[in-house]
């Protein structure tokens, strides 16, 4: 399950989607809008997204995780639009037979999502706003034209 | 929030309890009953608990985590009694400003819970059953009488 | 003599069929003495003793720990929660 | 001449006020040429160019990538999801 939505995210639905009978552990990550960043008071966030490519890159992250860790399932939900303090922007769930793989794979997946999925956040403060520049995605060397 | 219960666990309630306005990340771990262990087909699990001490030891784990990681909240729910395949036996939620601390602290908390909290599981197979012997808790050196 | 209130869990509870036992011990008895007496009175328990830890007042205690009249002693086999 | 359909996001979208632009480029033009032309036609974009990455067909591509008529080119500033 890989989805981009403007609505509130449903963790129960995602967890149900990644669980298998052989899953003994599920690690679920919540990215949450917090009230402060770099010493500035955040009022709310606004997310922009390139939806088709974001879904494609989420799937690429999932393939990378499957290739690296012994997991039984993975899913990602990302919310876009305006989000208030305390609301959940990102959910990543990973199931595995054992807990170490679930934790490590989930952490890796969140890191990779922040590196390559085309989503952007704007912080809105009391006295201004800024689109946050996070990671510049790696570009493959010369491709066939 | 630290609870032992015979009822189904509610992750949403636990996540709400550990989140603060300054929490940017929440790691939530699900321990789930899986259908196989050590090559044996598991039908269901039966959990026993020393409730008062289990709560006390969960609180000790939380103190250890607070002393080691920069977290904003932690909570633990453990289910006991009979649990079927796919049901959740353990929920551990950790909130933090940043994701690395949330993941590492949650993983550490799960490991410690399995080492020192007086809870036991019995596996019931098609052809028998066994109380699982996991970790022998560390005993402090000589205490005052 | 003192009385210790002994609580059993998991395999021990199932084996002995009781959640709680009362044991009489001499004044100044230690956890180690309680363990030895337990093995004598309940030979079935002997297989558990090498890995068994005891808790008094909801804290794990070593064998030298001295018991008092009315103490609650929990017999804790290796734990397997999660 | 070929036409590239350019899509803008985040700060670029807000700055230029459009989600989509059409750009005319010579036959055989590369991403690098598109970037240069973008900087000439929209001087406001110049500050973004050093960290901007381009995607064609929903894949990141290098500056040498050759464009074809009708290609969809997404201008991707450093991402900050999560």
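Chains here go by letter, A, B, C and D, matching the order in which they are written, and residues are numbered from 1 within each.
To be clear about the criterion, a residue touches a chain if its C-beta (ideal position, glycine included) is under 8 Å from a C-beta of that chain, and two chains touch if they have at least 3 such contacts.
Not measured: the values here are computed from a predicted model.
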| item | value |
| --- | --- |
| Least step count from chain B to chain D, where 1 means the two chains touch | 2 |
| Rounded Å distance, chain B centre to chain C centre (Cα mean) | 25 |
| Gap in Å, rounded to a whole number, between the CA centres of chain C and chain A | 50 |
| Centre distance in Å when chain C and chain D are each reduced to the mean of their C-alpha atoms | 74 |
| Residue numbers of chain B (touch at least two other chains) | 31, 110 |
| Where chain C touches two or more other chains, by residue | none |
| All pairs of touching chains, each written as two labels joined by a dash | A-B, A-D, B-C |
| Contact set on chain A toward chain D in their complex | 31, 47-50, 52-54, 56, 78, 89-90, 110, 113-122, 131-143, 145 |
| Interface residues, chain A side, partner chain B - complex | 11-12, 15, 19, 21-36, 85-86, 95, 97, 99-100, 102-103, 106-107, 110 |
| For the chain C and chain B complex, residues of the former touching the latter | 7, 9-11, 13-14, 51, 53, 55, 58-62, 64-66, 74, 76-82 |
